[in-house]
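These notes concern the structure reproduced below.
Letters A, B, C, D, E and F mark the chains as written, and numbering starts fresh at 1 in each.
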Amino acid sequence: MAIVVKRAKLSLLEKLYFPALIGGLLITIRHFKNMFFGKTKVTMQYPEERWDEHLPPHYRGAPTLVTDEVGRERCVACQLCEFICPSRAITIHPEEIPAHEKWGKVEKRPKTFEIDMVRCIYCGMCQEVCPEQAIFLRKDYLVIGYSRKEMVHDKARLYELGGVMDGLVLKWNEKK
Amino acid sequence: MQLAIFWIFAFFMVFFGALVVLLRNPVSSAMSLVLSFLFLAGLFMTLDAFFIGIIQVLVYAGAVMVLFLFIIMLLDLKSEKQRKLKVGAWLGGGAVLAGFVYTILHVVGRMPGAEQAMPVLPGGVGSDVARIGWVLFERYNMPLQVVGVLLLVATVGVVILSRKELK
Amino acid sequence: MSPLLSLIIIPLLSAVTCFLVPSRARFTAMLGTSLNFLLCVGLVVGYRPAGDGEFSFLMQWPVLPGLGIHFLLGVDGFSLVMLLLSGVVSLCAVWASPDPGKSPGLYFGNILLISAGVMGAFTSLDVFFFYAFHELALIPTFLLIGIWGSGDRQAVAWKATIYLAFGSFVLLLGLIGLFLAMPGDTPTFDMRQWIAVGRLGEINPPAWVYFALLFGFGTLVSLFPFHTWAPAAYASAPSPASMLHAGVLKKFGLYGLLRLVVPIFPGAMIEWANLLLVLIACNILYVGYVTMAQKRLDWMIGYSSVMHMGYLFLGFAGGIYNTLSLTGAGMLIFGHGLSVAALFALAGQLRAKTGTLEFSELGGLGRVMPMAGLLFGFATMASIGLPGFANFAGEVMVFFGAFAGGGEEFLNAFQVVTVAAVWGVVISAVYGLRAYRWVFFGEMPERWAGLKDCAPGALMPVVLLIVFSMIVGFYPQLLISLLTPSLLVP
Amino acid sequence: MVTLGHYLVASGLLFTAGLAGVLLRRNILIIFMGLELMLNAANLTLVAFSRFHVGADGLPDYDAQLFVFFIITVAAAEVAVGLAIIVALFRAKQTVHVEDLDNLRF
Amino acid sequence: MDCTQIYQIVMMPEVFLVWTSLAKILGLLGIVLGLVSYTVYAERRVSAFIQDRLGPNRVGPQGLIQPIADAFKLVLKENFMPAGVNKFFYYIAPKLSMIPAILVLAVLPFGSTLLGVPMVIAGIDIGVLWVFAVSSLGVYGIVLAGWASNSKYSFLGGIRSSSQMISYELSLGLSVIPVFMVVGTLNLPEIVLYQVKNGWLIAPFWPQGFDLAKLAENPGGAWEMVVASFAAGFSLQKLLLWVPLFLSFIVFLVSIFAETNRAPFDLPEAEQELVAGYHTEYSSMGFALFFLGEYAAMIAASGVIVTLFLGGWSLPLVPDGSAESFFGLSFVPGWLAGVLWGFVNIGVFFGKVIALLLFMIWVRWTVPRFRYDQLMKLGWYFFFELALFNILLTALVLIFVP
Amino acid sequence: MNPILLETILVCVGFLLLLAEAFAGGVRKSVFGYGAMVGVFGVFVLTFWIDAAAMNSEAAYSVYYSADDLAVFFKRFVLLATFCVLLMAVEFAPVLQKYLPSSAGGAGLGEFYCLPLFACAGMMWLVSATDFIMIFVSLELVTVSFYVMVAYMRKNALSLEAGVKYLILGALSTGVLVYGIAWIFGILGTTNLVGISQAVAVLPPEKSVGVLFGLGLVLISLGFKVAAVPFQFWVPDVYQGAPTPVTAYLSVASKAVGFVVLMRVMDAFFVAPYYGDRLLSTVAFLAGMTMLLGNLAAIPQTNFKRLLAYSSVAHAGYLLMALASVASGGAGYAIAFYLVVYLIMTMLAFAVTIVVSKSLGGDNISDFNGLSKRNPWLALAMAIGVLSLAGLPFTAGFFGKFFVFVSALDAGLYWLVGIGAFSVACGFYYYLKVLRAMYWLPLSIGESENTRCSISLPLGALLVVLVVLTLALGVFPSPVFALMP
């Protein structure tokens, strides 16, 4: 059913159109003036000014892998993040940790861990799902590169970005 | 110089005038007509009829032909398909046209004043617009009124004929 | 106001009344025509010639003085004869008309319009109205034939109307030519002045005018090559229309010829006499033979009426030389009008009774319709021109006049044609009597056994016509005294 | 030297071109354009005559230019009405070809 | 051939006319084309400011080199021709839209005189008519572009544009008639001169009769002079004329918006409805020409408005280029003073034009777009009648008020 | 009263009606029709008070506007024609309405009643015009009004076709006219008819070619306007397609003013026998062809309006014949009178056609079948109308033809008269076809005699008046002559 919207009845002044027009012009010129004399401050001059110090605590940047305070990989290559990732940005090849390694107690670790940043949508589900609290979205927003290849973060880069994270639950700690 | 200008303008005027008839695409025809009118306006200017020349551009090129173009586009007329050529009609038409051209040449050829050069106008007489204005309002006031009524009738007519739904 | 005006107005008013009150149309028509008839008789009785070439009962209204057109009425002897004829035939036509069936108002109204037209034509002294009144009959005829006619009525009506319209238009052109040729500064359409000017020889119209008039009048009277419309039209038309048309209206042309052409074109008439005579000979002999070949009564009567026009033209052609011929023509007009009207009336009755007029289907009707047979015999004899009927007087005068017309030379054209014309009488006797025999004598087909004789009311008009014819036939002087003064040779 | 004859012949040819459009083309719009060409040829003739026949004061005859003015005005009105009719026709018959205008025959 | 001979040849009237005209044409074209590109820049900047943004400010200081960068970008892009277009008209349409706008400039007096040369390319008697005639040709480019592109959006844009321009040409033409009735000439330089003498037409009781030179001679009596000149310029007729002339100005201004397809009448290129209207299918230089054509038309139109209503190159205090002294400065010789004043006049003219351009930009980013039927209604039912009525009003004032 | 006020008043009436129509919402549209009629009639009455002396002879318009007797006579003529047309238009409204795209009842009718007023004013100007500029301008006013009126029924393809054809041919004739005028102006240096006749009188013969050329073109164009063969081919289509009142208007008023212009133009050139002779022979030739072709082509027609169209061509032929015989002196009267009677009888025929087509939905001759049984009086009126067109005595048409032929014979145009006689006979043929349909032929199958055509009171009155006039002028034509110049 069609909905009939009644037109508002305009007064003569409104019908004349010009007062409203002038009113509008005044509004826009005020904006112009404020902008012109620098009263309005809304725009950040980006490359020179950066967001970094203004970023809120809950900011979700690029996903990264972290090590614990002792330099261990926290990731156990459970592949839950790969599974949950909505845009299929994550690719993990697990491998067994050879027993001769220093932290050879647990059976698996990622052989390769790649996040395709062209696909990543910064949703944070990988962080949420991670049982080991090994993957974190950090505050890096400048994810740039000259080629697609560069946009794929491999394990080394992920750890480089993620750095060390300590003070977290370490379920397998005693085994390590 | 004058002759050269004349020849250029006249040639292109007639050339584009002929193209109007010869081209198959109505839009091309219309645009040729516009060009023909522009050169015609140029010829008017060579005859020191600036006002007429400008009015020519203003009314014909600026309004009438836009209207034409508008209508052609509105009706979405495609290039004319090659309909069956009516030889009789073309021959008859051609004969009439040839006869007409011959008549004109004959008449002009036999006209005593045709060889006369363009008289020089006295200098410093001011704008021809003003003089045409004077003639218009002093001498031809009544035809002007008649034209006014004519325009009124045309307006009413166009509204009647083209309005989707009469109210 | 002249009584002549009432002659025109009565039928007109009656016609209008017929249109308005169709149910009483026949009565109205009878009333109107009777009145007119009585008026005509009264006029004839009361007429006292005012002098040679003078007219009585004059009345004049200016219509277009600038062009000399007046509504001018007046009569002399000749017109009175024509009026009498019109009066009688009009009355008889209405009287004898069978029941029209559909739209009686239109039917009788049209008949009355024709009547009014002829009355007007014969009383007008203004050439313009003389012509105009004749045209008044054109459309009523068209309608009468087209609606109530028989046979191939539509085509016939069409042909006749176009023929007549064209002929009369040429006639009009001729009249205009004559008008323009009139001497003097004041234009006039006054017939008296035209005649006077003609008699004085002051006018010399161009030759084409003569031919236009001859063609125009000739077409109306069915002169030989232009006659083809006539038999068909008469055959198809309802009987009153044929009666009026063949009996009266057609005579308009001759009236005009005698009235206008004779005084004005003596020279042309003499110069082109031979041409005219050839046409007349054809008219009598050729058409006569064609008449003999007819297979139907109505066609026969139609052709016979065309053939008899030859005699009239002979009278006209000879009229340039002597009055006798002209008077004879006038007389013959009267006689022929009566006889042919009577024949058509009877034919109409027969058709109404039997539904056919084919000779091959008829025969022996005299046994069941004795009165009709008797009257038909009288009418046929009148038509042949046996003594005792007006036709005879007319024909004799025409023959004498025309024979003498050609001058002293032995066997000149006039004499040859007159002899041929006399032979024509024989021809007409042959076909007339043969038709009489075929219809009323001989073996009667079974299907006609039940026929009744015509009602007296239907036969009375025929009686009236024959009686008139016989009166004049026995006492021609009655008309001659009226005709001669107005038909003096210039 | 430009003479009156030059202009007259030019205008005559333009007129002929217009006439050719009217006679030879079957598209009403093109025919209409041809008519405009004819009118303009007449305008050129008028202006040429007016320019070559100077009056006593040495000026062109402005009556003719005025006439041209009227012609242009009237032609514009005519075009407006004409195109309205043509559009209406197109709406009714979906054609602008004179050959398709065949309803009126006996 | 020595220098004097060359000088003589150069100063022959015909030759002089030719080369001065050429110089003027080149100069004006340079200015206008520059102005065009910077109007585009201004549009972007102003719109940004109005919307609390900054706009282009990277290329060059405050982004001032941006137009040049844009130009390079456009030229270097691929000139893409879609399938199914009518090639000839597709190719020619952008040119057609550019040419008329530039031709209009020919009759605009963009300055007084410079070394005795009038600063107008062609000071013809039918100047205003020329403006209308030529600007009315501008529609062809748009219409043909719309039609030739073989795209529905373009086509609709072209159709809209043509009917819109025809409709508003009426009120445009009618609205300036009061000006001619008051001034009595169609010659644009003369109209400006009239305004120099009698005050701007937008405000006909503008002071008259004093210039800065006189003021400089008698600084003490400055106030009296100003008052006196106001009084001299004032009359009842002028006061009353102000009404119709102001109406004229409004109608003309609004019609110009419609004629140049500017918001709020930019239906032919309404982005939300028609993508970009008639130039949807154009890229590279074709697109650029349309863009430039539009802005050139704006400049030309502003020039016409300035000339007709806003006193042309004149400021009340600025004498024309024939003045003998420059602010009474003794070290400036007479001829130089003239030249300087000439430049000042040119500057004044373009200053006014720029002001108007800014105004147009300002309006564009303020007013929402009209609906198509509203647009037509406004033109035919309101401005047309208003312009007619205005003529009548002017005539009445001119006749009945002395 | 100054004669120029007449047209002014008429235009003002039209203007006011248009305004009233635009702003008065609920008024019945026929009111505007009657209003227009009142206006026309008022102006008609005013024509009897005009005083040519009131025209300022100093004024500019006196050069190209003449209020001589001819002009006044034809002004009245045009006004009467407009009056009849308006009456018929009111009657025709339901048919018109059917073919207009309108939701509201009566939309678009108001304009239909106003347009004739403007056309009428144009024609009044035209008959007064003595200058080619004025002639052109007012002629165009008339023509443009007719473009609109002819194509008015725009949901009817016939009307539109007629409109387009009239448009093309009208514009063509305009172009030719203008070109012709340009040449005449070029050689003679003036557009004023008086000036032309002065200039022609002293023109050296070697200059006459151009004038002759221009004059020929003007004649061609006016030939289009008066529908002379071979420029008649638009006539049947346009007449058939146009709304019937407009057809009547076109065939009467537009043609009449065309003849007035033709007379005025020819008059200007008669001072020089060089042109006079050529003009006369040309016109005579045109007249002959027109009569012949008009009549012959009318014969096979089955549509009554188309028949009337050809008959109108034929009548143009008779008029041209009169025009060709101006040597006789009475030709002017003949033309004027002929046009008057043509007005009456054509209006009569068209009025009946409107009644019939409104009731029976068509205007073919077969739609008249058996009309005499249905509406005897209507049939009688029609009969009188067509018989008058055929030129039967005692109808006005006869006098018309009579005068024409008198003047033609007077001028010695015998061959033309011969053609004329033949044409008249043809004319009888096709007019009788209508008579045949009405009186002879039975009703079409499935129709009863009781379905009568209803006639409204005003139209009935008009019919009666026209019939009476037809008959009265057939007997007594002098009143018309009293009004004539």
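The rule is simple: a residue touches a chain if its C-beta (ideal position, glycine included) is under 8 Å from a C-beta of that chain, and two chains touch if they have at least 3 such contacts.
As the structure is a prediction and not an experimental result, all values here were calculated from the model.
Where touching is counted per the definition, the chains common to subunit E and subunit F are B.
Common neighbours of subunit D and subunit E, by the contact definition above: B.
The chain pair with more C-beta contacts between its two chains, of D-F and A-E, is D-F. If each chain is reduced to the centroid of its CA atoms, subunit B and subunit E end up 30 Å from each other.
Here the CA centre of subunit B is 5 Å from the CA centre of subunit D.
Centre-to-centre separation of subunit B and subunit F, using mean CA positions: 31 Å. Measuring from the averaged C-alpha position of subunit A to that of subunit C gives a distance of 125 Å.
Subunit B has residues 51, 55, 63, 67, 74, 104, 111, 113, 128, 139-140, 143, 147, 150, 153-154, 157, 161 in contact with two or more other chains. Multi-chain contact residues of subunit F (touching two or more other chains): 133, 137, 140, 144, 147-148, 151, 154, 183. Looking at subunit E, no residue sits in touch with two or more other chains. A complete list of chain pairs in contact reads A-E, B-D, B-E, B-F, C-F, D-F. The touching residues of subunit F, when paired with subunit B in their complex, are 4, 11, 15, 18, 60-61, 63-65, 100-104, 107-108, 111, 114-115, 118-119, 121-122, 125, 133-134, 137-138, 140-141, 144-145, 147-148, 151-152, 154, 183, 187, 204, 206-207, 209-210, 213. Across the complex, subunit F is touched by residues 103-104, 106-107, 110-113, 138-143, 146-147, 149-150, 152-154, 156-157, 160-161, 163-167 of subunit B. Looking at the complex, you find that subunit C touches subunit F at residues 19, 62-67, 71, 103, 106, 128, 131-133, 135-136, 138-139, 142-143, 146-147, 154, 158, 161-162, 165-166, 169-170, 172-173, 176-177, 179-180, 208.
Contact residues on subunit B toward subunit D in their complex (touch as defined above): 2-3, 6, 10, 13-14, 17-18, 20-21, 26, 29-30, 33, 36-37, 40, 43-44, 46-49, 51-52, 55-56, 59-60, 63-64, 67-68, 71-72, 74-75, 77, 80, 83, 89-90, 92-94, 96-97, 100-101, 104-105, 108-109, 111, 113-119, 121-122, 125, 128, 131-132, 135-136, 139-140, 143, 147, 150-151, 153-155, 157-158, 161-162.
If you check the complex, the residues on subunit A that touch subunit E are 21, 24-25, 27-29, 31-32, 34-36, 40, 42-43.
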